[in-house]
Structure formats: structure tokens, C-alpha cells
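Both complexes below contain chain A, partnered by chain B and then by chain C.
This part shows the complex of A and B:
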């Protein structure tokens, strides 16, 4: 028996086998996977795409990419930079509008701050705003402010309120009760609670979300340009329609560079805000 | 412990007057700069709002009277929108698995390869969705194909970034087991990392499916198929009653998809 153990690493295979728990049934996951796969295939078959053109697609796209990026035309660069600045302006003004509007609204919609009827009403409004695409909002605003960057800024500002206010009330509701109770016990009113218990706890999060809104707006402002709100999106749409691929290539490079630059700067500031807050908390706790 | 005693112990409030002033000044300067039309900023023309607010109010009034007789015509384009969203999310899901494992430190120890994938994904992510759609429509023609391609590019960027960052920010003790058993990196990823991050993937795939429904509703505006084309067409005819039916339908579908995906997510995670 002991000699057998030394020569062979397997000891009593039948016993260990029976000690193992049974494998969980794979039936339901497999069925679900099959159903999802069938639905996706059905959806793909239903799309009006000429599938036999698909193999030629990579070659075609590669050809266009060569047209765009092999020798991008830098003649229009000054104008592109100006339009980029216009897009950034649109994104920033929109973000400020959005944050300024969503802060009080979000506070009122938080549990424990506003009355229940106001809370439910506001939350329903936010849900509707979240579902309206910015572009649709811009199309309505166009009739008031015309084909100007102001339209873009207003559309970004209003469309963002739905999500931004939701982040605010979620932040308020995740605040621990202790500070609010302390202020209330000391005789503070609702306004005092908001100022001295809630605001110090949520301000880093809210500021960080405000910058995040700016980052989102940078991307969306290029989209609004496509419907005529001005900025780099308008320029890109025009030159794509003219099929001036070398200029389109340059514009895409500018869009990517500007977006990544803004993301980096804003991301660094956001990290500083959140980490600064954390250090201060530790300092107070100790 | 008396109150006086305590007051003596409370540390001085930290003050950063200069730093705060600089930060505020910087913010104000940037904000003012973005509002100067002379250098390309936004012209805050409040006068135009005062003069033309009636136009917008009229449009809203027209939008408030949806022409429900138009609803049957929206069914087919809406179906196309949903199909595009689903196919885009499915293709992106397939592509995102290898790319994510490639872009995370724990599953890909080779730095050059990881940096390469991350750079590509970051560049892909920096281009807005409708910009892809515009350029792709010009490349491959009007229809659902540029729409699906747009959604795939957009989704892959999001899923790969979020999931690979989630992998990077957690510990992976279980992968040691695979390494100790002498597995290659591919085997370790397949047997340990993949089952571990599967819920993360499922969560993000559902999220991009929601996003896709939102986006594909407007992709048609630049000619990439779906209900957006109908929206744009009716708007061009100033048929705001029809436009409002389309918008309402988008609202309903987006909310339904959100509720469904929340239900699914609660079961999965």
C-alpha cells in the first residue's frame, strides 16, 4: 500500500471523486445563452445590411483611412483650433448652467430634505430629461436662439440636469446621518443642516461630478455641432459632406487631441479634489 | 473634560487663502474667456431669448399635441433601432473580452502590449458617437451598417476601459493558484480571471445596450439608420406632431430598456 503511494501520485481516486460536490447544472446558463444568441442573430438578419459586401469593408475603410491620415491637410488648422475653443466654451458654459441648476434641484429631491410630493415630482422630471437626447433638445432650442453656440450651451445645460441632479441626490442620500442629527440636536434648521452637515460631506463629490459633466459635454458638444450649433462638430460635418478627406483627417486628429487633453487635465483636477478631501477627513478623524 | 480644555485642543482650522483665491480666479478667468465671442466663445445673447422665446414656446405647444395617427409608421424604424442597438452591443461584447484582458495589468503582464491596446482604446473613446456615424456614413453609405459600426466602436471603448480599470483596482489572489499550478498566462486568464470578471462584463454589456438604444435613436439624424432618420425627416417637414410621437416613443423604449436591464442586472450581480 505504502509502496504504491510512493510510485503513483494518485491515492484512492474513487474515494476523492465521491467526496467532490456535484458540478452545478449548466442547463439554464446554456439555454439562456442559446436564447440570447438566437435573438441577436434574428436581429442581425432583420437589419437591412448587404452582408456580401462585408468582406470588402475593411479594405474600403482602410482606403479612406489612408486618404484621411496619410497626408492630413494642416491649412485649416487655425480655424479648427478656433472652432475647438468654441466647442470647449459651449461645453464649459453648459456644464456651469447644468451644475448651477441641478445642485438645488438635486438637494430638494433628496430623501430627508424636501417634502415627498416635491421629491417624486422632481425625480419624474429628471427621468424624462434623462431620456430626451441632447440633439432633440437642441432642435427645439434652435428656434429660439438660432444656429449659435448659445443653443448648444443651453441644450447641454438642460439635458444634463437629469443625470447631474440624480448624482446630487444620490450623493446626499449616501451621506451618513450623524452630522445631520448633530446639527438638528443643536437646534439647527433645515437650511443649517444643508449648510453645515450635508454640504461639507457632498462638496468634493459634487465638484468632481461637475468636472465630469464638463468632460461629457466636451464629447457631446461635438455632436451638437453636427446639427448646426457651431464648433468643431459643424466644421467636421461640413468637410465630411465636401468629401475633403485630408481636412477631415486633420479635424479628427484635433478632436481626439483636444478631448484627450481636456480629459487628462480635468481628470487630474478631479483626482486632486477627491484625494484632498480624503486626506482632510483622515486629519479630522485622528 | 471641560469646554475650555477642549477648545484649547481643537487644531487650528486649515486656511489656504492664497490657493483658494488662485483657484477661484482661474475658474472665473476661464469662464469669462469661454463667454467672449471675440475669441470664439459663447455669446450669451439673452436678448434673443427674450425676443424669440415665443418660437420655442410655440414649438413646445406643437410638440405637446402628438399626432397619434402617425404611430404605426414608427414601428418599423423603431424595430431597426432596437436591432442595431442589440447587434452593436453583441459584437462589442465579443470584441471586448480579449481586448479587456489585453488591457489589464493582472491578465497581461507585458507592458508594451498593454500600453499599445490602451492607447488605441483611448483614441477610439475620444471620438464622439455621432462623429463616427457621420464619417462612416460618408465611407460605407447610408443605412444600418454605419450605425452598427458606430455603436460597436463606441461600446468597445467604454467596456474595455471600465472593466480593465475594475480588474486593475482589485486583488487577484486566485490567479496565484493558476500560476502555482504552472499554467500559462492564457490558461490562467481562461480558468481564473474570466469567470471572476464575468459579472463585471455582464453589467457593462447591459449598460452599453441601454446607451445604444439612446444613441441609435439619434444616429439616423446623420443617415445611419433607425428611428432618428424618421425624426429628422418629420422635423424637416415641420410636422411637429409626428416628431413628438417619435420622441415619446424613444422615451418609452429607453425607460423600458432601463427597467429591464436593471432587473436583469440585479439577477446577474
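This part shows the complex of A and C:
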């Protein structure tokens, strides 16, 4: 508009007001904003925060970061790598336990495979398992199996079943009906349908979810170490208690690097599985 | 009569021969679905052994339900269905699976396991005739394997035996599905809109395959179809369904347009014919 006024002496057309459609009521969004605001304030008030210490906090954090990462101590690296390996073993064993248990349970819990009473019962169990965090389960198992990586693997294996089995039955229920109907029409049993119609359709998805479970377990296994289940998490917890910050810094670097490495490798394999499955479907010849 | 489309891959080995061809008999069959839809109303008919029958009607006329009552995939609400020596409506569980093992069926959507190779798709046809451990492990007996291979050869798909079903074209998939049904050594072959997902030349080829199986083996074939010209050209008898009732039953080749208008309950439209293939 400014360009028009500079280059030409033309008079601007008279301003006419466009009739605006009535604006929707702002009442409910405003009310919700007030409610959310009140909840935030109530939550903060319940924490009894000492606000006057807050300005000093960034300086403290920076101090500890300097202690940890300015000159991390690499003396304990071999031990750290060994403990990392134990964590990965824990994660892997837990993932296998979880997948092996959740596959038949998930299949039975799928609509059209198992009977209704079994389906509902299993789904209720999965829901309960999903509500229990791995750490809580590990604390309970500690009393039985003691301070060993086996405790961690068991905790990971059992706690994961809730989610893993749910993924399995959701995958089964999203399978196209056609092949199952053909097997039934040829006189096949429920076992035949599961083996030759459902399993071929879900196997890439299930395999991909199994690797995903491994990735989740790698991250969770470090946390389980904090409660004494062994592995890199236990070492981290110990050296934090000893206040040997240079070693803690080294351990944190190892944990982050190992987790990212395993994530990348497993993620790449997972992508390969899913894409392989898709490419072969698309590439149908004449 | 128009010349038929050439048999795709003509000159194959003959298909495995049926032990005996079965009649199909429906007596006052009604089917009401749980949602209240009355799909079949008091249907009585008899298909003789070795006949090739088209069941014609618009979608929603009850064709699919009719064909599914024959192998018990849809249970009849009332009335009786007999297939060969068996009264399907009286059977359940193992006995029903045993009968299904002798009734071949092919579908509009082919219904193959896409990620499984052609051989193991075809071996599905032996499930009802084989010990469970063999079929669950995918280890067929030599005789079953031979049956599957001969069925594949008879539809010209033998060289695709190790191909994944998902990478085949539509026409190839339907021929694998026919081989799967033939491997059952069926007494009756049911086909539910077998060519509705195929292009015209392929549709003619698949219909020709079905007619050849009917002619060579004397196998009873009941095929659902909504296209007038395919019904006239490939089948000998036509049963017309409208709103779940049989409204026509007569020879297919000389069914007139007026007969079709009576079945459809509306004037004939261009989409009621497939047109020339090949």
C-alpha cells in the first residue's frame, strides 16, 4: 500500500467495513484457562518451594557439571564398559522374556482367536501390568531373587508384557479378514488360521515391536541399576554416593553414548524390517 | 455365442480329478443376520452334480450369503442345506470342518496369505485332510505336495511356486486361489464374485478356467456374478436373486435382457456387462 502511494497519485478507495460473522463465544476457553491456571498454582504451592534459593540454582548446577565433565576420569572405563555390557544383557534377556511371553498371550487376547472370557481376563491382566512401573516390580523381585542382574531382566520381562501383548493383539485385530476366511472355508482349525493367515501378516510388526522393546529396556535398565539390580545403573548410583564426580561424569558419557548407539542400530534394523515388508507388497509385477 | 477368451497358459496338465461330484440342495433356507437384515428368505433349490450355475443379482441381493450357507461360513437361521452326502446345517466343529475340506471356495479378494509363498498358500487346501502337526509346521506329505503342484500346473502357475503371493498380479492371485481350492479335491466349487476385482481380459481367462474345470472334471460349480454377459457365456444355468428371494431359475445362455431386468428390478445398464476381453 505504501508502494502505491509513493508511485501513483491515485486516491485510495473509500474504506468499507466487511461484515464479520459473529465470533464464537470465548466463555469456555476462558474458563478452561482459569481452571488450568488454578491447578498449576495449587501444585506449586503444595511443593513448599524455597523461592529465595532459586537464583543460586543455575550456579550450583554449573558447578557440578564442571566437576563431572571438566576432567572426567577414564580410569574406571573398562569396568564401566563391562557394566554396560551387563546392562545390555539384562535389557536383551528382559526383551526376549517379554516377547516370548506376550506373543501367545497377545494372540489369545485378540478378538476372534480366543474365547471372550479369556480375552477379557487377559486384557484386565495386561492393564494391571501396564500400571506397575518396572522399578516397583524390581523392588518387589529384589526380595526374592536378590541383588542380581537377573532381577532386572525379570522385572523388565514381566513389566513389559502389559504393553507388548497389547501391541500383539492390536496387530492381530488389524489384519485383513480375507486369508483367515479362506483357511476356515478350506476346513482349517483356529490353529491353522493363526499359523497360516494371522502369523504371516503380523510377523514383521511383531519383530519390529520386539526390537523396540529392547530399545526401551536399554533405557530402563540404567534406572533399574539405581535400585540395585546391577549393571551400569548400580555403578552410577555407587559413585554418586561416593561423590566421585569425575567418575560419575565418565559414566554418564558412557551411558548416553551406549544408549544412543544401541538405539541407532536397533532403529535401523527395525526400519529395514518394516520397509522390507512394505516394498515387497508394493512391488507386485504384472 | 462369442468366442471364449483363450485359456491362459493353455496346454497344462489336467487338474487333479475330483473323487466325485456333489449335488447342492437348499430347502426353505432363511438367513437373518444379528443386526436384523434378512439376507435369504425361504430359498429352495437343487444344483445337480456337474452343473455350472451362475447366481445372479445386485449387490445386497443375498448372493454371498447363499454361497456361504453351502459351506456353513454363514449358518442358516432355518431350513436345511445338503451338500453331497452331508447335511451342513446339522454339523458343527470337526464334522463341519471335514465337509468344508471337500468344498472348494474362491473369493473376490483372492484371500491369499500375502507374505507366504504360493506353494504354502495352495497347501491350505490340504488342511482338513492332513495331521495338524504337518500342516502347522508346513511339512506336507509327498502326496499332498504332489496334489498342490498338479493343481498349480493345471492353472499355469507352477513356475511361480516359490513366489510370495503378495507380489503376484490380480489374475495370478485368483489362479493360485483356484489351485488352492482344487487341491482340496472338492466335490463342489463355490466362487464368490471371482472376477469382480479383475480387468476384462483377465476376468474372461479366470471364468474360462472355471468352465474348463467344470467340463474336464465334471465338478459342480456355483459362481456368484453380477455381470450379464459372463453369466450367459460361461454358465449353463442361472439363478436370479432379488432381496433374498429366488426370482429366476432357468438356462443361462438364452436368458434375455428382460429376464435380467426382472432379476435386477431396474432397466439394464451399461455397467451390467463386462464387454469383450482378450
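Before moving on, here are some points about what is shown:
In the analysis below, the second predicted complex is superposed on the first by the 262 of 286 C-alpha atoms of A that agree within 3 Å, B and C clash if a C-alpha of one lies under 4 Å from a C-alpha of the other, contacts with A are read in each partner's own complex, and residues count from 1 in each chain.
Note that a residue touches a chain if its C-beta (ideal position, glycine included) is under 8 Å from a C-beta of that chain, and two chains touch if they have at least 3 such contacts.
Owing to the predicted nature of the structure, the values given are computational and were not obtained by experimental measurement.
Of the two partner chains, neither chain B nor chain C is touched by A:104. In the superposed model, A:112 lies in contact with neither chain B nor chain C. When both complexes are overlaid on chain A, the residue A:183 reaches chain C alone and has no touch with chain B.
Considering which of chain B and chain C touches more of chain A, the answer is B. Look at A:197: by the touch rule set out above, it reaches chain C but stays clear of chain B. In the superposition on chain A, A:222 makes contact with chain B only, not with chain C. Residues 280, 283 of chain A lie at the contact with chain B in one complex and at the contact with chain C in the other. Of all the residues in chain A, the ones that touch chain C in their complex are 178-179, 181-189, 191-192, 195-197, 200-201, 203-204, 277, 280-281, 283-286. By the touch rule above, chain C contacts chain A in their complex via residues 71, 73, 97-105, 107, 109-116, 120, 124-125, 127-129, 132, 135-136, 164, 166-169, 177, 180-181, 184. Residues 14, 30-31, 33-35, 39-45, 48-49, 52-53, 55-56, 58-60, 63, 79-80, 82-84, 86-87, 90, 122-123, 126-131, 134-135, 138-140, 143-145, 148, 214, 217-218, 221-222, 225, 231, 235, 247, 250-251, 254-255 of chain B touch chain A in their complex. For chain A in complex with chain B, the residues that touch the partner chain are 39-40, 43-44, 46-49, 57, 60-61, 64, 82-83, 85-86, 88-90, 92-93, 96, 127-128, 131-133, 135-136, 139-141, 143-146, 148-150, 152-153, 219-220, 222-223, 226-227, 233, 236-237, 240-241, 243, 248, 252, 255-256, 259-260, 263, 280, 283.
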